[in-house]
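So, here's a batch of structures to check.
Shared between the two complexes below is chain A, which has chain B as its partner in the first and chain C in the second.
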Partner chain A sequence: MSDIPGGPMESRPVHFIWILDCSYSMLGEKIGTLNYAIREAIPEMQSVAHDNASAQLLVRVLTFSSTARWHQAQPVPIDDFTWQDIQVDGGTNLGAALSLVARELETPPMPQRALKPVLALVSDGQPLDEWRAGLKAIDATPWGKKAVRVAIAIGADADRSVLQEFLGNPELPVLDANSPKQLAAAIRWASTAAVKAASQPVAGGAAGTKQLGPAFAPPKLQDDDDDVW
Partner chain B sequence: MSGMLDEGARLTTDTGDEIVVSGMLGAGGQGEVHRVTTPLGDKALKWYYPSCATPEQRKIVEELVSRDFDDDRFLWPHAFVPGPGDAFGYLMDIRPERFKGLPALFRRTLRTTPTALVTAGLNMVEAYQALHSRGIAYRDISWGNIFFDPANGDVLVCDNDNAVVEGEASGISGTMEFMAPELVRGDTGAIPGTQTDLHSLSVLLFMLLMNHHPLKGRAELAIRCLDEAAEKRLYGRNPVFVFDPDDDSNAPDPQEQRTVLATWAVVPPALRTLFVKNFTEGLREPSRRVRESQWRDALRQVRDTIVDCANCGRQNMTEPLSTTARACWSCGSTLVLPPRLVITTPMLPTERHLRLRRSARVHEHHVVDEPARHDYGDGTVVAELVQHPTKPGVFGLANRSAKTWSARRSDGTAQDVPPGRSVPLRAGLEIDLGGARAVVRAE
Partner chain C sequence: MSVPPHWEILHESVRGPGKAHNQDWYDVDDTVDGTLVLAVADGHGSAAHARSGLGARYAVDVFLHRGREFAARARDSGDLRQLHRDACGRVPREIVRDWRDRVERHVRKEPLDGVPKGGELLAYGTTLLGAVLVPGLLVAWQLGDGDLMLVEADGRIRAPLAPAEPELGDETESLCGRQAWDLMRVHWAPVSDPARLPRLLTLSTDGLSKSFAAQDGFVQFVREVDERLAAEGAEPIREALPGWLNHAGSYSGDDTTAVAVWRRPDDAGPSEGGPEAVPSEDGPQDQDRGTESD
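So, the complex of A and B:
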């Protein structure tokens, strides 16, 4: 029994969906780095979630290769989320993944009330399938339209134009991850700043104040690959 | 956790001290906070993201450092730290472990008491008042940068790097749910300053005591996706207080917003009146917002008249000047109101009403006219309710001050109460506390 009146603050969910490329081209260092970067980002996601009592961060993970598969299908509270390493196989069927995500952005399964969902796409290659149909399906859902989107391009082969189209806003940059350090920084940013942008809108640009740019501005990444880790 | 500064990185402060980065403490909207070792012990280093390390921010930080604002309620920037290129940061003290963030309170994952919460509110008000009275606007009041000690309500204000002299520009306009409506709307001429701080402070106090946002009622539940556009409507274009007496369009939903209904029901009218004023008239007219001195007086009165439920022991706020007992918020028994001590201050007679609950204490600020600060710490006690050492059930007021009091016996004769001694409580007892006069009343 509490010593103070009133229960916990009412909260709204933030649905966060990782959409991860597991095609053969990710084999080796890239997939290892991605697994590592996401593991590293979990405590920071937890800390962002703890800092906002009116939001409840729920995470899901979708991987795509020859097919799209839920790696973590049920939305799990970030405090209970544990990372199982993902493995590579097959091609780059992004469209299948986006179609699966679109299904989740209908109401239901989305609740009547929520904060903006976050869709974080990580890819290193060129889609092999009709990916635009999947993107259209997301854009056609009410929650998909509102979603905060983040796109991370791993390596030089990644098709940036596809990722840019996924973002749906020419002013939002695709984050480049050409080194493990850049990938870690991009994953970290996606998992914290994007959650903040979804759960705690900040208004800028009132008269007489300086605009810092969009609240959703990406970090500048240093391209020094000499750090051994 | 890795960040912009690697462990072991060496930097030099503008005062010439060498500091070494020893770990990361956290990251926020404008930068990261690292632990550093310095010749003066471990400190915290705030380091700005490149996009936030602007010449304007640099000027603000340099100005804050030069102010050398010495106040234990603030983690103030106390040395500027230049980095390579345009990068920079500043040193501050590390937040002691006893201070907890408000999110833990909001989630009800920490234990505290109504006394600690009201004291925390009072401390917040006085901390911002200390800034405002110096002409400094804080501009970013929110639950994200204030910490409190759940045991006693001490507060610590962090992230002071957006505080600027009134009228000067700073890079931030605030978290939307704390912003004054005119700023959310971006009205012509509306700039963040002490007047908009007053709105943010009232939101903070409401959330502290009610565990809910004052503008999130039914209208919020009608929103599916609470995005920027929806927040602009709730907090800017059409803000309506959840307890607006003349407009119930945003009243709390009895099923889905029970917390605020439960907390509002037990808050005394002395505080409710101020919240209603601030979130009705004050929403539309900034000059009608509740000022810090009004919050301070109401919170102080409520703090001094909290009573323990005789049945379950939980603390209850009471209406400071009322003699009618309500039901305990926790167990429902009718509260038994303890005797009242009325202190009249010496020069500009002001009455302070204290309920003499078992742990009641009179502090230095109770016996002066215009205290600079309401410090409820152990070091400021001047009188304390004590039980007679050999006669259980007999209570007295112990003199913890350095002065001898003069009390009046029931036969009218005077009686000295030297420091360390206690005078038995009875209705009508009058004591000269060395300037201020105190009277014990049964109700």
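So, the complex of A and C:
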């Protein structure tokens, strides 16, 4: 319909940012499963995006270890997104990663016309830097305040209190992934449910009103007694 | 005897793609004396707001009732100061109270399963955008998202109820929120010179404005509609409107509703009547965009 007044129309973007722990403690099966799980989740993310034509799903990937760096810096449409394996390297500088994310959540570079971004944090350890400063920077951005956040704790050594603080909502639980099977399920859930939640209207939110409960809830992951981290 | 302005009224509402029901509602009351009362409401629509289509309908019904009352007071009284107090304080409270009464009556008739007591309003959550136009006065109210646009007599385009900071994402204020009357924004515009009445007033749900790729796409939309109305008249626009809204819905995924009232270029509006105009006023002005609480 070319004669519509006002010019072209298009669906709004959902910016999905993976924030992935690549510290040495992820070495071995954990990083292998994470790479596998995200690669396997891409078709499901594509399927969610196709089912929701009113949203353009754009993906970025940030890794953190001794430093934080963009593994996929430019937002890529999910249909064009391919997974390049990530490698382990050094410590757990979560604060550096969150600070980098905060810069991307400013407007600009984020457009005002968008759906809520999704921040998906995956970690198996305890931060070694001033992570609260990074979290505060995210919370200070307009889009950071509104972001749909999911957190996946890999194994028993993950600092769940940090991840809970990242979520910023006591009603939203950290998703525990204590085995390869659970991690794959958690990644699958985070890849899809969070995108759906980001594109749902929510009453409340603004001008002093409280958000009325979590828009989505993580699944109960099946135990996997044979292979536990 | 004054001659009431002739308003062409255009309206349409379309269901979002893949949605079972249209959860928007609208209505227009156009009386022979030149009074217009119009409203649109956008039920929130997600699973947590399962009865929001009904909530939107109640919101529009309630607005039309209270809007007619306000219009009658405006026509009968020249006391602009009192009308302004009513617009900012009394009317928002009446609308919210009436809407809640309607919802509570419906819940008693058809209880909601599994919803804790006190949480029922959420199921009916909706926005509300409405306007009353009487000779000499335009007043509009807004709670939540949506767009009220004015094309003034001189062609300027304004969005007098737009929030100071653009709202990000899809969160919105709602009639189901706590003390919702305090969140209602009010546009108050006495019009002393009938020739300066807005020539076009549009109310639309957010599905329309959020569909444009360009930041100023929606303003451009209003500008072009105004130009086409002047060039072609109302009928071609009336015919095209459903297609435009469906097109917008395919990008927003949302139900989409628009109501527009247009004054023909040769219609100068009423020459007298209505509330006594402020002598220094030479056109519509925002006198108060906030609300009063008492």
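The definition used in the following text is that the second predicted complex is superposed on the first by the 200 of 229 C-alpha atoms of A that agree within 3 Å, B and C clash if a C-alpha of one lies under 4 Å from a C-alpha of the other, contacts with A are read in each partner's own complex, and residues count from 1 in each chain.
Convention: a residue touches a chain if its C-beta (ideal position, glycine included) is under 8 Å from a C-beta of that chain, and two chains touch if they have at least 3 such contacts.
If you're wondering where the values come from, they're calculated on a predicted model, not measured in any experiment.
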Inset, instruction - Name the contact category of A:Pro43: first (chain B only), second (chain C only), both, or neither. - result: first
Legend entry - Per-residue contact with chain A, leading partner among chain C and chain B: B
Inset, instruction - Give one of first, second, both or neither to describe whether A:Pro5 is in contact with chain B, with chain C, with both, or with none. - result: both
Legend entry - First, second, both or neither for A:Gln126, with chain B first and chain C second: neither
Legend entry - First (chain B), second (chain C), both or neither touched by A:Ser54: both
Inset, instruction - Please indicate which partner A:Leu115 is in contact with in the superposed arrangement: first for chain B, second for chain C, both, or neither. - result: both
Inset, instruction - Based on the superposed arrangement, let me know which partner A:Pro142 touches: chain B (first), chain C (second), both, or neither? - result: both
Legend entry - Footprint overlap on chain A, comparing chain B with chain C: 1, 3-10, 12, 52-54, 112-116, 142-143, 146, 200-207, 209, 212-213
Inset, instruction - Under the touch definition given earlier, write down the residues of chain C that touch chain A in their complex. - result: 17, 44-46, 48-49, 122, 125, 166-174, 176-178, 183, 210-215, 217-218, 220-225, 228, 240, 243-244, 247-248, 250-254
Inset, instruction - Sort out for me which residues of chain A touch chain B in the complex. - result: 1-10, 12, 40, 43-44, 47, 50-54, 107, 112-116, 142-143, 146, 184, 192, 196, 200-210, 212-213, 217, 219-220, 227
Inset, instruction - Write out the stretch or stretches of chain B touching chain A in their complex. - result: 1-2, 6, 26-27, 29, 49-52, 54, 56, 101-104, 106-108, 111-114, 117, 143-144, 169-177, 179, 183-184, 186-192, 210-213, 221, 223-228, 231-232, 236, 256-260, 262-263, 266, 314-315, 329-330
Legend entry - Parts of chain A lying in touch with chain C, wherever the complex brings them together: 1, 3-12, 52-55, 112-116, 142-143, 146, 199-207, 209, 211-213, 215
